[in-house]
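Each of the next two complexes has chain A plus one more chain, namely chain B in the first and chain C in the second.
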Partner chain A sequence: MATQQTQLLARTLLTPAVALLFIWMIVPLALTIYFATLHYNLLDPGSESFVGLENFRYFLTDPAFLASLQNTLVLVGSVLAITIILGVPLALLLDQQVVGLSIVRLMVIAPFFVMPTVSALVWKNLLMHPVSGLFAWIAHLFGLPAIDWFNDAPLFSVILIISWQWLPFATLILLTALQSLDEEQKEAAEMDGASAISTFIYITLPHLARPITVVILIETIFLLTVFAEIFVTTGGGPGLQTTNIAFLIYSQALIQYDVGSASAGGLVAVVLANIVAFFLVRIVGRNLEA
Partner chain B sequence: MGQITLQGVQKSFGPVHIIKGADLDIADGSFVVFVGPSGCGKTTLLRLIAGLEDVTGGAILIDGRNVVDVPPAKRGLSMVFQSYALYPHMSVRGNIAFGLKMAGMAKDEINRKVEAAAATLNLTPYLDRKPRELSGGQRQRVAIGRAIVREPKAFLFDEPLSNLDAALRVQMRLEVTRLQKQLGTTAIYVTHDQVEAMTMADKIVVLNSGKIEQYGSPLELYEKPANLFVAGFIGSPKMNFVTGDLAKQQGAATIGVRPEHLKVERDGQGGWHGTVSVAEHLGSDTFLYVDAGPLGMLTARYIGELDLHPGDKVSLIPDPARIHRFDDSGKSIRA
Partner chain C sequence: MARMVTTRRKVISTAAAWLVGFLIFFPILWMVLASFKTELEAFAIPPSFLFFHWTTENYATVQERSDYFHHALNSIIIAGGSTLIAMLIAIPAAWSMAFSPTKRTKDVLLWMLSTKMMPPVGVLVPIYLIYRTFGLLDTRSGLIFILCLGNLPIVIWMLFTYFKEIPKDILEAARMDGATIGRELIYVLTPMAVPGLASTLLLNLILAWNEAFWTLNLSTLEAAPLTVFIASYSSPEGLFWAKLSAASTLAIAPILVLGWFSQRQLVRGLTFGAVK
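Moving on, here comes the complex of A and B:
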C-alpha cells in the first residue's frame, strides 16, 4: 500500500477536501481577528478604524465579563455533576431486565432529540411558569406559594433545563459501557463475596471511569457554548445572572451592535475553551490511555 | 474438607432441560474432570455447584450440608473462569486480595496470604502489575492465585486453559495438577478436551446432553466404557465401530475396537482386509485410515514407523481380548 505512487495518489485525492476544510476554518477566524482590531459599531457605519488591542482591553475589563465567566463555569460544572450523578444510577437501572425496557429506554433518551429552543420554551411556559406552570400547580396542591423560577433562581433554572437535555446523553454512553462489562467479572466478584454495593464500587465504577471521561469531555465542549436555552428563557437576566460568555458575546454584537468588541470576546472565548480543555485533558484524560 | 455430593440435580432454562438429573459423589481431595461435547451441560453443572445458577430440582451437598439456597460466596468454593475474569483496573496484588478484603480480613494477614500465594505461583515479581501487562499464562496464574488464596473447600475450573497456546497448555496442565496435589484441595475441572481430562483427572465424569454417561477413573473409562458414547468419546483417534453380521457373531449389535488394538499386517491372512486410503506418519506413530469395504472406514494405530502408502493392501487383526461389545441400546455387554 505504502508505495510512493499510492502515497502521491492519496495526497492528490485528499487535497481538495483538506483545502476546502482549511478555507472553511481560516476565513472566519481571520475575519474575526481582523474585526477584533477595529472600532466597528453597526450604529456608527463608516467609522471603522484600527484600534489595536483596545477591544480586548474593553471586553476583559467589562465587569460583565467576570460575571459571565463565573456563570459559564458554574453552569458547566453543575450540569456535568448532575448528568453524571444521575446518569450512573439511571444507566444501572436501564441495564436491568425489565418488562417494557425498550419503551423505557426510548423515553429516557427522548429529551436529547428535542431542540434546545423547544425544550426551553416547554420548561419556561408549561413547567416553570409561576402562574400557569405545572410546578406552580403542584406547589399549589400542597398549599405552597408558587416559585417564580426565572426570577428567584434563574441560573439554577437554566442548569435544570440543560441537565434535563444532557442527562440522556450521559445515560446512553454509560449504559453502553455497562453492557460491555464482562459478565464473568461480576460473577468472579460474586464468588469473591462482594456485595452489590462493593461490586459497584470496586468493579462497575472503575469500569465506568473511561466513559465518564468521555461524557465530561464531550459535554464540556457543548456546554461552554450554551446559548439557545438562555436566549429563550431569561435573555441573560435578571441583570447578568444567567449571562454566560456565549451570551455576552451575542449581546455585544447584536444588542450593543459592537462588532469589534464581540469579535475580541469571541477570541477570548476560544482561548478560554482551550485553557479549560488543557486542564480537563490533564485531569481526566489519563483515563483514556489504554 | 471438600466433599461434594449431587443428588438428582436438575436445571432447565424455560422448557429446555439442560441437566436431566445428575447424581455424583466427589471425594475430598480428588480431581474430577467434567468432559463432554459442546452443549452437553458441563459448564452449567459447574455453575450450579458454584451457585451462579439456581437449581431447578435436586440437592447439592458440600460436606453434607445442602447448599442450594446458599449464595456463591458462602459455599466456600472458588472459581477460575475461562476468560480469567481478572479485574482490569486492579494490580495483581489487588486481584488476589479482593476476596480476602471482601471477607473483612486484616490488612497484614491479607498481605501475608497474597504473598504466599504469589510465591507458590511464581508471581512475586508481577504483584504490582496490571493484568493487561501480563502474558496469557501469567494471567492464568493470577486467576488461580485468586482462587487458592481463599483456601476454599474446592476449586472450580471452567475450561481455564482453552485460551492458551498448545505448548503453554501442556505446561499449565502440569502446574495445575501439581498444585492441586500439593494443596490437597478438591477440584472440579470442566473441559471439552479429552486429553486434558485423561491426563489431569483422578476421576472423569462424561456428560452427554445433560446426562452423566459414566463416572470413573481415566483408565476405567478407557478400558470399560459403559456405552457407545463413552467408547467413542474417550480415546484418540476414535474407537472403530463395526455393526452387522460380524458383530452378531460376537453376540452384540455393535462391536468396537480401538485403533491401537488393531494389529496391522501387510497382505496378512486373517483379520479384516482393506486398502489404505490415508497414512499419517508422525514418526512416533503411524495412523492408517483403511477402507475395509463392507466394514466401512477403520482407523489403525501403529507404534513407530510403518512404511505403508495409500493403495497398499493390509489386513487388520483385532486383539480378541480388547473387543468391546455393545447391545441394541448402546450399552456395553460385559462377559
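Moving on, here comes the complex of A and C:
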C-alpha cells in the first residue's frame, strides 16, 4: 500500500532523472530547429540571418543528400540482411549440444565488445589491405587477383566491417530467444514425424519472429548513425561513396562550419530515426504490460 | 537429457560451431598476433602465423609514448565517471518506478526509451556550439556529462527491470516490522538488488568505453579517450601495424573480459526487456 508519504518520496526520487532527460531532449532539439532556419556559418560570424526553410531546401536538393540517403539505406539494409541471415543459423547451431559451448559463445560474442575505431582499423589494414592484408594473401593462394577493397568496393567494405560487429548481437538475442523455446513442442513435432525442416519452419521460425523484429529495430537505430567506422576508414570517400547521413552532417558542421545546413540535416536524421523508434517503442510497450 | 542426441550429430555440431566461432574471432586473434610481431613481419607476405620472432617491443613503444597512459586514464575516468553518475541518478528513479508505480509510469518509461532513439548526429551542432561557448570542448567533464545523459535511459531501464523482479511482499513484511524507508533500502533492497546493479554497471561501462561518436567529435587531445587515440592511427603516416595492434589490444582487453562476464545481461540491457 503506497501511502501519501511514499508517493511523494517516489516522485521526488524520479524528478532528477526526468528533468535531466527532458532538458537533454528539448534544449538541443529546439536549438537544432532554430539553427536550421538561420543562415549561420562559423567562418562568417555576424552574418546570421533568418532564412526560413531555405536550409531544408538546400539540404534536401543537395545531390550529396540523395547520395548519402541512398548510402545510409543500403548500409542499414545490407547489415540487417547479413546479420539476420547469418545470425539465425548461427544461433541454431549454438543451440545444439556442442562440446565447449561456453568458449565458442565467447568467441562469437567478442567482436561486439571491440571499440569501433579498433575494429575498423584492424579490418582496413591487417585484413583488407590490397598488398599486405591477409585477404590479399588468401586470394593469391587461390590464384585470384587481390581486391583493393576500399577503392573498388568502399561501401561494401564498410558494410562488411559493421556486419562483423553486429552479427554477435543478432546471434546472442536470437540464441536467448531459442533457449526459451519449449523443448516439448519440438519433441512432440519430432514424434509426429515432422522433418527437421518443417519443425524449423512451423515451430522455430514463428517463435523467432518477435526477436528478429527487435533485432531489426534496435540495429536500425544504431546503424542509421554509423560514424566512427566511416570516419577512420574512408572519410566518406572516395567521392561520396561511403558518406551516410551522419557523416554528411558531420562534414557540413565541423568541416564546412555550415551550422544552418547541418542543423537541417540533423532534423532529417531525427525524423528518420523516429519512424523506426515509433515501432520499437510500441513493441517494447506491449511487452511491458504482459 | 530431454532429447536423444546421437554422437555423430554432436560431433558435427561441435566441429561446425568451433569452426564458425574461430572464424568470427579470427580478426581479434590476428590483431593480437600482429601486436607481437616486428613492424616488418606484420607487413610480410606470406604472413607468418605462429613462427615469427615474438617480441613485446611494440607494447614497450606504445607505453613509452607517454600519451598512451594519458588516453587510457581518460577512458577510465570518462567511462567510469559517466557510468557512476548515471547510476546515482538512475537508482532512485528506477526504484521509485518499480516500487511505487503510478498510472503514468509506463508512459514515463517509454518516453525515456524514446530519448535514446534520438540520433546523436541530430543534436551534434547545438551540443558542439554550447560546448564551445562554455569551454567544454576537449574536457573530461564535458564528455562525462554527455555520455552520462546518452546512457541514462538504458541504465534506468535495466535497473527498472531488475527491481521489478524483487518480490514486493518482502518490502511489506519489512514495513510491518516497522522498518523505515531508509532501513528498508539498506537492509532489504540493496542485497537483493546487487546482482542487477552490478550487471547494469558493467554493461554501461562497456558502452561508455566504446562510445565513438561524441568522443571523436568533442575531444581531440587533452580529454581524448582510447577511441580517439586509436583513430589517430588511421592517418597514412601513422601506419604502424604492429604498434596499432599493440595499442588496440591494450584498449580492448579489459573490456573484452568485462564483456564476457556480462554477455547474458547484454541481451536484457540492449533490448529493453523485449527479449528475455
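The rule we apply is simple: the second predicted complex is superposed on the first by the 260 of 290 C-alpha atoms of A that agree within 3 Å, B and C clash if a C-alpha of one lies under 4 Å from a C-alpha of the other, contacts with A are read in each partner's own complex, and residues count from 1 in each chain.
Throughout what follows, contacts are C-beta pairs under 8 Å (C-beta built on N, C-alpha and C of every residue); 3 or more make two chains touch, one makes a residue touch a chain.
Computed from a prediction, not measured in an experiment: that's the story for all the values here.
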Between chain B and chain C, positioned on chain A by superposition, is the outcome a clash or a fit?
-> fit
Is A:110 touching the first partner chain B, the second partner chain C, both, or neither of them?
-> second
Using the touch definition from the top, say if A:118 reaches chain B (first), chain C (second), both or neither.
-> second
A:187 contacts which: chain B (first), chain C (second), both, neither?
-> both
Using centres of C-alpha atoms, tell me the angle at chain A that chain B and chain C span after the overlay, to the nearest 10°.
-> 80
Which holds for A:202: it touches chain B only (first), chain C only (second), both, or neither?
-> first
On chain A, which partner's contacts cover more residues, chain B's or chain C's?
-> C
Using the superposition on chain A described above, determine whether A:93 touches chain B (first), chain C (second), both, or neither.
-> second
Looking at the overlay, does A:85 come into contact with chain B only (first), chain C only (second), both, or neither?
-> neither
What's the minimum Cα gap, in whole angstrom, linking chain B and chain C in the superposed view?
-> 5
On chain A, positions contacted by chain B and by chain C = 184, 187, 190
Footprint of chain C on chain A - complex, ascending = 1-2, 6-7, 9-11, 13-14, 16-18, 20-21, 24-25, 27-29, 31-32, 35, 90, 93-94, 96-101, 103-119, 121-127, 131-132, 134, 136-137, 140, 164, 167-169, 172-173, 176-177, 180, 183-184, 186-187, 190, 210-211, 214, 218, 221, 224-225, 227-228, 231-233, 245-246, 249-250, 253-254, 259, 262-263, 266-267, 269-270, 272-274, 276-277, 280-281, 283-285, 287-289
Would you pull the chain C residues touching chain A in the complex into a rising list?
-> 2-3, 5, 9-10, 13-14, 16-18, 20-22, 24-25, 27-28, 30-31, 34, 42-47, 89-90, 92-93, 95-97, 99-100, 102, 106, 108-115, 117-130, 149, 152-153, 156, 172, 181, 206, 209-210, 212-213, 216-217, 226-228, 230-231, 233-234, 239, 241, 244-245, 248, 251-252, 255-256, 258-260, 263-264, 266-267, 270-276
Residue ranges of chain B in contact with chain A within the complex = 50, 52, 71-74, 77-79, 81-83, 85-90, 98-99, 102-103, 146, 150
Sort out for me which residues of chain A touch chain B in the complex.
-> 182, 184-185, 187-195, 198, 202-203, 206-207, 209
